[in-house]
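Provided herewith is a single structure, encoded as structure tokens, for subsequent inquiry.
Residue numbering begins at 1 within each chain, and the chains themselves are lettered A, B, C and D in the order written.
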Amino acid sequence: MGAPNPIGVGMIGYAFMGAAHSQAWRSVNHFFDLPLRAEMTAICGRDQAATERAAAKLGWQSVETDWRALIERDDIQIVDICSPGDTHAEIAIAALAAGKHVLCEKPLSNTVAEAELMVAAARRARQHGVHSMVGFNYRRVPAIALARRLVAEGRLGEIRHVRAQYLQDWIIDPQFPLVWRLQAERAGSGALGDIGAHIVDATQFIVGDRLAGVTGLTETFVKERPLHQSASEKGAVTVDDAALFIGRFGNGALGSFEATRFAGGRKNAIRIEVNGSLGSLAFDFESMNELHLFDATSSSRTGGFTRILVTEPEHPYLKAWWPAGHLLGYEHSFTHEIADLLADLGTGNEPSPSFEDGLQVQQVLAAVVDSAAGGSHWQPLPAVTQNAA
Amino acid sequence: MGAPNPIGVGMIGYAFMGAAHSQAWRSVNHFFDLPLRAEMTAICGRDQAATERAAAKLGWQSVETDWRALIERDDIQIVDICSPGDTHAEIAIAALAAGKHVLCEKPLSNTVAEAELMVAAARRARQHGVHSMVGFNYRRVPAIALARRLVAEGRLGEIRHVRAQYLQDWIIDPQFPLVWRLQAERAGSGALGDIGAHIVDATQFIVGDRLAGVTGLTETFVKERPLHQSASEKGAVTVDDAALFIGRFGNGALGSFEATRFAGGRKNAIRIEVNGSLGSLAFDFESMNELHLFDATSSSRTGGFTRILVTEPEHPYLKAWWPAGHLLGYEHSFTHEIADLLADLGTGNEPSPSFEDGLQVQQVLAAVVDSAAGGSHWQPLPAVTQNAA
Amino acid sequence: MGAPNPIGVGMIGYAFMGAAHSQAWRSVNHFFDLPLRAEMTAICGRDQAATERAAAKLGWQSVETDWRALIERDDIQIVDICSPGDTHAEIAIAALAAGKHVLCEKPLSNTVAEAELMVAAARRARQHGVHSMVGFNYRRVPAIALARRLVAEGRLGEIRHVRAQYLQDWIIDPQFPLVWRLQAERAGSGALGDIGAHIVDATQFIVGDRLAGVTGLTETFVKERPLHQSASEKGAVTVDDAALFIGRFGNGALGSFEATRFAGGRKNAIRIEVNGSLGSLAFDFESMNELHLFDATSSSRTGGFTRILVTEPEHPYLKAWWPAGHLLGYEHSFTHEIADLLADLGTGNEPSPSFEDGLQVQQVLAAVVDSAAGGSHWQPLPAVTQNAA
Amino acid sequence: MGAPNPIGVGMIGYAFMGAAHSQAWRSVNHFFDLPLRAEMTAICGRDQAATERAAAKLGWQSVETDWRALIERDDIQIVDICSPGDTHAEIAIAALAAGKHVLCEKPLSNTVAEAELMVAAARRARQHGVHSMVGFNYRRVPAIALARRLVAEGRLGEIRHVRAQYLQDWIIDPQFPLVWRLQAERAGSGALGDIGAHIVDATQFIVGDRLAGVTGLTETFVKERPLHQSASEKGAVTVDDAALFIGRFGNGALGSFEATRFAGGRKNAIRIEVNGSLGSLAFDFESMNELHLFDATSSSRTGGFTRILVTEPEHPYLKAWWPAGHLLGYEHSFTHEIADLLADLGTGNEPSPSFEDGLQVQQVLAAVVDSAAGGSHWQPLPAVTQNAA
């Protein structure tokens, strides 16, 4: 492969996701052979001084304080949206209209209506060779990517069960303050949208199928919280602390899902299991370099779950990294995401997951909200005509 | 304690549960100091020759082929019902009327209606000092008994989450024949009643609370099976292969439950997790001598789940057995169950779990069936006025 | 198989090992189809009243207070020696001379010299159809028996590494008193003979090979202890608290061994790993129903250690017990040991492990002691001409 | 902290270690607030074209093909030596003499004699404010750094046992060719020096003590290998495939060590356990974000090993990274190493581990070689007068 062509990137937002994306932008071309070379052209934030500090810290070459200015710059071809969910639709639609490729952090938006507008914009842009991607980074954890491949190869046979939990505990203390993620008007939803979205996407990605209906319930355990750290005044928590739902996939598999911020001792535990007619898979993000595979066709005398250490060169993304047994971490999922994006943009392939995929996840989340609001009744989901996941 | 008084036991049925109970009856007085000493007086089965072989194999002194004869014998004070679920009500009600204490395997019955009759019979008998118990043996796994104690002591604070799965895989092969457990008229239900019942009871036991409502779905993945091993003729499977439900407990905790016989590679995996405001518990029957405890009040620098090897003399039932680190197995749960029964009968205490407890579990299962049959809508459960679990 | 012939058993000693053996004698014929049926004829202890209590508790029909009387009884054909190690030689030699089969707990004796006399006695008795066995019960843990079979089948190829640890922590507290197990004159040695013996035997059993030489070191961390619980007077600890040694097996494998009573948090952790040219095995007694198998010939894409839940009917001893997934415990190893013994006595096969096997383990332990005493130099072990292990 | 001062770095070698170091140099200032900012000034290799490709790939600004030219450059203040072990001494001594700080990959050298010369050079340079460090990167795995702190705080009491294994399997196939790492003249030793060195350093670092004597054995299982991939001609393997040794630490703890490239299924398994009078620690690099801690003073009813997920802001190095539960990987150990180096250089502190530390590890390895060569006799190690580790 010849020297890759430079491509300018502008990133909006520089909090947790901005820092993670920056490490990926900085690293990706040092590990992957790609047709494009990312130029970290500009970073955008509202506060000039703070944004300049972020640019220095994170390695961006220039600063904008108005995202509209950023998306107009000629030296930027990719807009990476890492700002809160309520800003996604407006920025993404404008960027696509300006002819910029868009990488948008999940959730795609806070509402289905916004997501639908974003999909429409993405479809228009696609006709002009302008592409978009939603940032479900866990798809790029090698063990999850391997899981999908094994299912696609038929190693699990017909899928019967999907069970997934995303467990955190960071607001278990009732004195933890009312941060923006606990306010519906800014965050859209609570555990459901923040982390439930990830396991909906990851499981659908792994099994290559989509939920056809759900019934769910949500709960807010701590209904009021201090307005600020150690404030005595309290405000109402307007999002869910936890969401549980069960459902059916298009091809008949049963699904069980749970997202909570009240599972004491679980910091970022994404646990996914899939059972099929020929085998099973199990994954836990707390051991993210492992995938456990059961082959139902093996002898019962020596059968069982095999713990695959997903660090071999044969494993997805691993050839770019270290020798077998040298583990990867959380941030690598973003480097892989951006490697895939640059590969697709360089070859003209449509990146995945698309905005349509992001919309479909929002539809699932909305169905859970509707079910829970209506007394946990069944909510069918729209059939998906195009190829799933 | 002086020499214990002998008490005659008559057991009905000698299949899997009969063998497990027999080992418990044979062993219990050799390990536990109890006010009563079990005499294995008679075993009952329909076939004389087969029952005699079972008596010899399992250590029973005599044989009956009519359970009505067995419950009339003066040398029998305890009737242990290990026959299939559709026989429980008739036998138990008659035995109680005959003044015999009854230990009845779970499920208490195949229907709520039968269970209600059994409860009525148990209440009448209780007035005459005749006691009854339903055989939810997993309560007597030391790690589960310890879990209950820790919750009761407040170590977990207010309970927020209960999640439980009972996963098996013994009918994953579609050529596995149509045994009686797959026929509704004999088994009542499939995975739901057979194994789902255990996790409903065990979780309610651990948290000391009861489900207040559920919504669920069930599925039969393999709808027809060979009538016999290697038969070409097929018959309809009339029970569920898998059941999933979510619900709320009386005190507000959320519950997630799954029972399936289609989880390839999981043989008898009972997995229970509880999250509370002050801590969490996790249990997996595949490592049945362990309980994992998280204390949310510990320092985050050295905190985490502590793997308790439940083999210390301070642990429930353990003083009777071996030094620390020498594991117990599945069958010990029955020995503990019978030790508790004999202790209660000797002291006049009401044994637990009662038939009322068994009825309540049937009500939960019936609510899941109703919810699933009606399109996965919410099913409230009757409030329990007496002390739960 | 017809009704088994009765065979009378007399047991000497009724402490921990006596209780474990009793449960095995009581249970064995209820689970295994055997040519002989054990009669629990008599138990022997020095104190009449205490022995009578033990007989009642453990299920023995009569009592002796002189082991010489016991071995002379015509209604006893098997003598089961569960008394301390310093009594083994005298009793076993006399019992064999009296024509009784002998099951002798490990260690075979406290010294190599005694063990040699016992072997000579066993050889003489064998010529008259009188058999003997040393009680290395861990060979009968199903996962360990399976491990041996897999190695024997060549699944691991040529063996390169054996590593084994037996870790306990019951004397970590320096105030724990000077019990007899800490006194050389009665116990022979400390961790080395008590628990090190088990891993020497178990690993040699698994790999079908024997140690050819060792170098080791031992240590007594707490050199003085209270003479009794809460006594102020102290006495010298005269055995090792811990023993480490490395060595070579006859066929060239390297071995690493560690036995200690000072591994805080490890109660009875027997950990064994074997690496061969074609695969590896790993076992941990804290998860005694599991064996982990690595097949080096499998694809690196889906390869890894497979966790075999050793509860299938195809696994050693398991057909006699419960359905798959229903775990066994510590005591089952003794039931299996006695099942094998009765099967061998009924068919005239030589039981295994033999007294020769017990002697060979003592020789290894003695070599470790000699190495440690001499400044950790290499100690070759006698070549074994007969078939190993 | 104000803007950090730039400091020029020149790196020699660009294979596995060069790539890992490059990622660390590129990343370190983006995560850690440091007094110095690394400039990736030049990279050095023998082949101009290959080195230029490496510079482009790894992010270095210029290229040298003679390390002597590199160390003379005025724009370079740190020389990072990632070339094979037989080159370390000459380069490091020259670089230090040229007034450059040196970061030298482990092993410090292939021989004790060379290491001693390097220590002498480091001492001379230190007097002029020129510093040196040897790259035992595993010290900077957060779980290992936490382990050291817990021991230093006295949480484990008096240390009794250290056991460590470094297990790999990459040359288990006898057709794997005779690469330079299997040739003594270039690699110095085999598993012993390559990976055994790491566990010697890491365990001494954790317990804050040093080995006082050892006895060991080494083995070369496959004595001849193809000269190249699929070559028919073979050459002799002149290094060890595996090395085992046991020993005593200065303060009386016992140590057990094993390094092998023949443990099938173990890719890079560094397993370390420490037992003390008050507690225990366990670590496995295959789960590198976890540390298991046992507190012997806790209640036996709820005690056990606590699995600490070492991703909290209170844990070493973690404040620079992601929220709790978001794992780090192998490469982060190098970023931490270089963060510590830059912090020390900026403040004038002596970096650690020093060349003296590297020499001491070489002395241990040499003692193992001597012991093994002489028939596994005891080899005392020189007492260390200065503060250990």
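Here is the rule we go by: a residue touches a chain if its C-beta (ideal position, glycine included) is under 8 Å from a C-beta of that chain, and two chains touch if they have at least 3 such contacts.
Given the structure is predicted, the values throughout are model-derived calculations rather than measurements.
Asks: If I rank A-B and B-C by number of C-beta contact pairs, which comes first?
Replies: A-B
Asks: Averaged over CA atoms, how far is the centre of subunit B from the centre of subunit C? Could you give it in whole Å?
Replies: The separation of the two C-alpha centroids amounts to 36 Å.
Asks: How many angstrom lie between the CA centroids of subunit A and subunit B, rounded to a whole number?
Replies: Subunit A and subunit B have C-alpha centres separated by 41 Å.
Asks: Of all residues in subunit A, which are in touch with two or more distinct other chains?
Replies: 266, 303-305, 309, 324
Asks: Touch graph of the chains shown: is it line, ring, star, complete or other?
Replies: Contact map by chain: complete.
Asks: With touch defined as at the start, can you tell me which subunit C residues reach subunit A in the complex?
Replies: Contact set of subunit C toward subunit A: 146, 150, 293, 299-309, 312, 314-315, 324.
Asks: Would you tell me which residues of subunit C are touching subunit D in their complex?
Replies: 160-161, 163, 165, 169, 172, 174, 215-217, 219, 221, 242, 244-248, 252, 254, 256, 258, 260, 262-266, 273, 275-280, 294, 296, 303-305, 375-378
Asks: Given the complex with subunit C, which residues does subunit B contribute to the contact?
Replies: 3, 16, 20, 22-23, 26-27, 30, 56-59, 168, 170, 266-269, 285-289, 309, 311, 322-332
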